[in-house]
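Each of the two complexes below includes subunit A, the first together with subunit B, the second together with subunit C.
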Partner chain A sequence: MIKLTIDGQEVEVEPGTTILEAARTLGTEVPHYCYHQDIGIDGNCRICLVEVNGNTDKLTISCKQPCGEGMDVKTESDAVVKARKGVMEFLLINHPLDCTICDQAGECPLQDYSYHYGSGDSRFVEQKRNKRKKVEFSDKVVFDGERCILCTRCTRFFEEVRDCRPIGVENMGGKSTITLGPNGPIEDPYQLNIVDICPVGALTSQDFRFKQRIWFMDFAETVCPGCAKGCNITAGAYQGKLLRFVPRRNPDVNKSWMCDDGRLSYDDYNITERTRGAKVAGADASFEEALAKIGELVGDGSGVAVLASTSDTCEELHAIRTWAGKVGVTHLWHGAETWEGDDFLKEEDATPNTAGAQRLGFTPVPTEAPSLRGLVVAGDCPVPPALLADLDFLVLQAPVAGELGEAAMVLLPGLTRVEKKGTWVNCLGHAQKVQPALEPGPGVREDWELWRDLAGEDWTTLKAVTRAMEAASGSSSDTPLVASES
Partner chain B sequence: MAKVVERRKLNFWEELYLPAIAEGLGRTFKQMFKPEITLQYPEQRPVIEDDYRGAPGLVKDEEGREKCVSCQLCEYICPPKAIVIVPGEAPEDTAYDYSNIEKAPKEFYIDMLRCIYCGYCEEICPEQAIFMTREYELNAATRQELVHDKPRLYEIGGTRPGLIKKWKHKDDGRGAEDH
Partner chain C sequence: MKLSNVISARFDKEGSTKLKGYREDGGYETFLKVLKEKRDPAQLIDEVKTSGLRGRGGAGFSTGMKWSFVPKDSPKPKYLCVNGDESEPGTFKDRQILEKDPHQLLEGVGLASYAIGAHTAYIYLRCEFKQGIATVQKAIRKAYEAGLFGKDIQGSGYDLDVHLTMGAGAYICGEETSLLNSIEGVRPYPRNKPPFPAVEGLFACPTIVNNVETISNIPHIIKNGADWHAKLGHAEDPGSRLWCVSGHVEKPGVYEAETGFKLQDLIDGPCGGIRGGKKLKAIIPGGSSSKVLLPDEVAQVTMDTPGIRAMGSSLGSAGIIVLDETTCMVDAVLNLMKFYAHESCGQCTPCREGTPWIVQILERIERGEGREVDLELIEDLASNIEGRTVCALADGACWPLVSIVKKFRHEFLAKIPAAARKEAVTA
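Now for the complex of A and B:
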């Protein structure tokens, strides 16, 4: 371990840790553009300068300098402040300052650092350099050469994370600009990550282009519902409509990345028509009537199976399981949905909680399914047609009933994947908290409440379900069902 | 406890009421020969001062191009949240060079039932595209008519040649070679 002092505070770090990372452990954020935790160090932007051992003639870039024994680092000394101001001035010389129309405004480090460390006015009276604007790098990404500060995070993302070089820097000096390679538009299925890591508005998403200023939006820190990987995301919504997913850093699951398919899947959850209120045999009914009807239909549970969606949270699945155990339903199956996976983040399993369902005792639908009297479908999942043959009754609980809704004896509303609150377990075995990004509106009850009422339990809050689930299934640190409080 | 107010007992002249009537009529007749200050609205219109804050309107420049770039700062600053903007892409198929602008409002609504005429929108606008006009006659048969949409806002705002030079193409040939 190496001991050093940063701004008067002593800190001990592993050998090889850079000053910037060491400062971060103390809660001191050294400004940086080109450095990014997950794509390594370049050291070209020069904004992270710090003073080491009182050397004010030659400041050091903290992103690349490893900590040394006994170093005395100052991040806010006069020399540092002056140098930082100088760097900011140079970065802004050719920047167009078109924040009014820039999608990055509001989440732009250039704006933030300009506010915190810049001088507030410009001494530059000459002609700003003109570069190419609105260059389409692909049908997903637009590039604006004038806004670019050439930190090369985007090119390094492709080189170091995706092992390809669709874009690079062309020309020299002031004429340098990011350009497409000879093979035409970017085709990488993870290309939208360069929009997130671009510290300015040079790379913007075609999909999110001019949709909404981010300060009007509501954000939920949740988990991508697209596949079993469970990438951590921040879902952004405006007036009850999802507008985007962006990845949230989690070093154990997705680092700072997510796939484009998952990212652009947000619009699937902006449903316009949905089940509201309960229905029995096609006629509107109260929830109490519908639940009583289910009890009557299921009877002693023989010949009845539960098919639960693997997008249901663990809490919902526990409530379903509790009810099934009480009425004697022994077939607990989970649905399955697939899409094309890849070898990086995207999993073939297109549902977020298959691992959680299996830990709670749900099994895949057997290939030789026993003949059934009735089927209870809990949550949004495709039902194998073989199960539907010769049924006496079908109970469907889903946000969108679809064609199956007409055949259902009892129809109950449900939440979509982005409205749920609870826990999902991803394919790596991490139990992760899910937060609702949208409100379901009137006539929809939380799924776990419906199944709790059916089971006759007295859980009043979701937390009570979580505790009951923990107690009933012996959730351990190896196979957690409950997300840790962090 | 209610306070009991003693009434002054009227004297003989006061009880006659005639002197009071005469005094009242005297004032009335005097007023008839004074200059008239009533305005015969709507035939006559008041003089509106230059800094009057009437209904906000969007303005076009001298060549009829919309100045607003839908940055939504007025929507952000508006205290009663009267403004709603749907941002969109600037039109490309025109004679003008939109390469420095890119953005324009697709829809622009100001709910005049909410507007409090504070003038913050005009003050914050970085493009000098929205102004408090002298328009003060806001009447309508339905509430919906008082939610001004884009055509109505441009009708109110009219044309205002401005300082904004966003249309001037910046390229003077010094920086753009090779690009």
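Now for the complex of A and C:
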């Protein structure tokens, strides 16, 4: 271990820890632009300069400098603050200062640090430099050369994370700018990550740009519902409509990244028409009537199967299996949806909780399914046509009924993947907390409540379901079903 | 003023570039003797250290010391890179060596490679040196043909391959880590140090980067011994250097002299004084990236590291730029700053944004639209650039700038309208 002093506080760190990282452990965030913890260190922006051992002639970049035994580091000394103000001034003299129309406004470190190290007026009385604007790097990403501060996070993301070089720096000195390479538009299916890591508004998403100021939006820290990887995301919505998914850092799952397909899947959940209230034989019914009808249809459970969606949360699935166990339904199957996966983050399994369903005892639909009297579909999932062949009855609980709804004896509403609260277990076995990004509106009950009522349990809160599930399934640290609180 | 001829001894000989002539003059004997006797590389490094040789590229770091930083126990290959990207304004000495005595350099390459344990050496030349490139290329070929390079040189068991590589016209590639990136084929941004090239350089392997003139000194030092070299010129900065004199003297050119002479003597003697009998205004003594000297400082200064430091400047690449009384210093510094702004690689913020800003301010002053506060602004901007960047390009831009603004403030004020002077603004 290495012992050093940062702003008068002693700290012990592992050898190789940088000053910036060491300062973080003390709660001191040294300003930075080019440094990003999930791509290699470059050291070009110079805003993270700190004073080491009183040397004010040469300041040290804290993002790259490893801590040394006995170092005396000052992160806010006079020399440091002067240098940092200098860097801010240099970055801003040719910056268009068009925050009022810039999508980055509100989540822009250039803005944030301006409050600390910027000046209310400018010493720059010259003509600002013009660079290329509104350059389409692809049908997903637009580049503005004048806003760019040339931190090269974007080019380094492709080189270091994606092993390709669709963009690079052209020209030199003040004329430097990011440019498309000779092979034309960026094709990488992870390219929208450069919009997130761009510390300014130089790279914007064709999909999100000009849609909404972020301070008017509502955010939910949740998990991407697009595939079994379960990349951690922040879902952003405005007035009940999802506008974007952006990755949220989780070093064990997705670091700071997510795939473009998952990111752009947000709009699939902005549904306009959905099932509201219950129906029995095509006629509106109360929830009580609908549940009573299900009990009547299922009877002793023989010849009945449950087909649960793998986007249902573990809590929902536990409520379903509790009911099934009580009425004697023994076929507990889970649905499956696939899309094209890749070798980075995107999984072929296009549902978020297959691992959770399997831990709770649900199995894939057998290839030679027994002939059924009745089928209970719980949640949003495709139903194999073979299962529907000789049914006496179909119970369907889903946010959107579709054609199948007409065949359902009992139809119940349900939550979409972004309205759920509970736990999903990803393909790596991590149990992750899911938070609702949208409200379902009137005529829709929480899925777990429906199944609880059917099962006749007295769980009053989601927490109670979670506890019951833990008790019943023996959730362990090896195969958790409940997300840890951290 | 006594001139010397160690490096330049063979420059004016007929056929000085030819292998035959070089060998007739005793060339490559030192290299082959070292190989034959299987001299201890560590002892060669000590020899160079004791000789007191300092790098001739600009920073003036002890060559032997630099060599000794190469880790002995590294399993990685080691490389020697010869920096012939000579692009410092006012500097044109390496070019003489390349065009006039390439084998002297190549023998140095052989000795230096052997000393640091390298089996591959790169000679990196600026692309505009058409003649130098052709001459060195031919010399390398001849050396290979004569069995001086290649596998198992003269049965010694020592292998050495020497490659010639070229830049594409950027000043920054003379910065040693940019040069390494350029050889590797990536964008030649300077690298943050540490790690220093001696530990992690070319292809992340231990690498020594030395200037052409530095390497050309090696055969002489190994041949004549460290003590011989240590006694040349000034005791603390010994050696015989090529001095490039340009600008307003009667006889500009490259002069070889041992360190420690008086600058005034070089100007008045071999250089024939200021052109047309005019008066001296200023000298930038170490390539453009050094602080300017006034005539009274020129009269006192001796050309060695301690002597020039005492005057607050540096020897740099020994490019002595002489400016006479007809020179407009605002114009001169604007010209220099345009160079630095143009050649800034653009990697780090203070240099990329600061140097063009300073050009804009100076241009405004030149147009007669300056303000007196601009002079303080320039100095403050320079203080936010110097020592805040990855490499020394920005430092090199600030040194002449700040020193010229300080020492020739009256010339700047003369271009500033009376209404923009401080008295007028505060009144």
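Keep in mind that, in the parts below, the second predicted complex is superposed on the first by the 486 of 486 C-alpha atoms of A that agree within 3 Å, B and C clash if a C-alpha of one lies under 4 Å from a C-alpha of the other, contacts with A are read in each partner's own complex, and residues count from 1 in each chain.
Just so we're on the same page, a contact is a pair of C-beta atoms (placed from the backbone, for glycine too) under 8 Å apart; a residue touches a chain by one contact, two chains touch by 3 or more.
Because the structure is predicted, anything quoted here is derived from the model rather than measured.
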Would you check which partner chain A:R129 touches, where first means subunit B only, second means subunit C only, and both and neither mean what they say? both
Tell me the contact category for A:L49 with respect to subunit B and subunit C: first, second, both or neither. second
Based on the superposed arrangement, let me know which partner A:K175 touches: subunit B (first), subunit C (second), both, or neither? both
Check the residue A:F210 against both partner chains and state whether it touches subunit B (first), subunit C (second), both, or neither. first
The answer to whether subunit B or subunit C touches more of subunit A is C
Could you look at A:V425 and tell me whether it touches subunit B, subunit C, both or neither (first, second, both, neither)? neither
Which superposed partner A:V13 touches (first subunit B, second subunit C, both, neither): neither
Taking the superposition on A as described, I'd like to know which of subunit B and subunit C A:E89 touches: first, second, both or neither. second
In the superposed arrangement, does A:I149 touch subunit B (first), subunit C (second), both or neither? second
Subunit A positions within both the subunit B interface and the subunit C interface are 127, 129, 171, 175
Can you list the residues on subunit A that touch subunit C in the complex? 43-47, 49, 57-59, 61, 64, 82-83, 85-87, 89-91, 93-94, 123-127, 129, 149-150, 168-169, 171-176
Subunit B-touching residues of subunit A, taken from the complex the two chains share: 98-101, 127-134, 145, 171, 175, 177, 209-213, 215-216
Which part of subunit C faces subunit A closely enough to touch in the complex? 170, 172, 187, 189, 192, 341-350, 352-357, 360-361, 364, 377, 381, 383-385, 387-390
Subunit B - residues contacting subunit A, complex: 69-73, 75-76, 87-89, 99-103, 126-127, 170-172, 174-176, 178-179
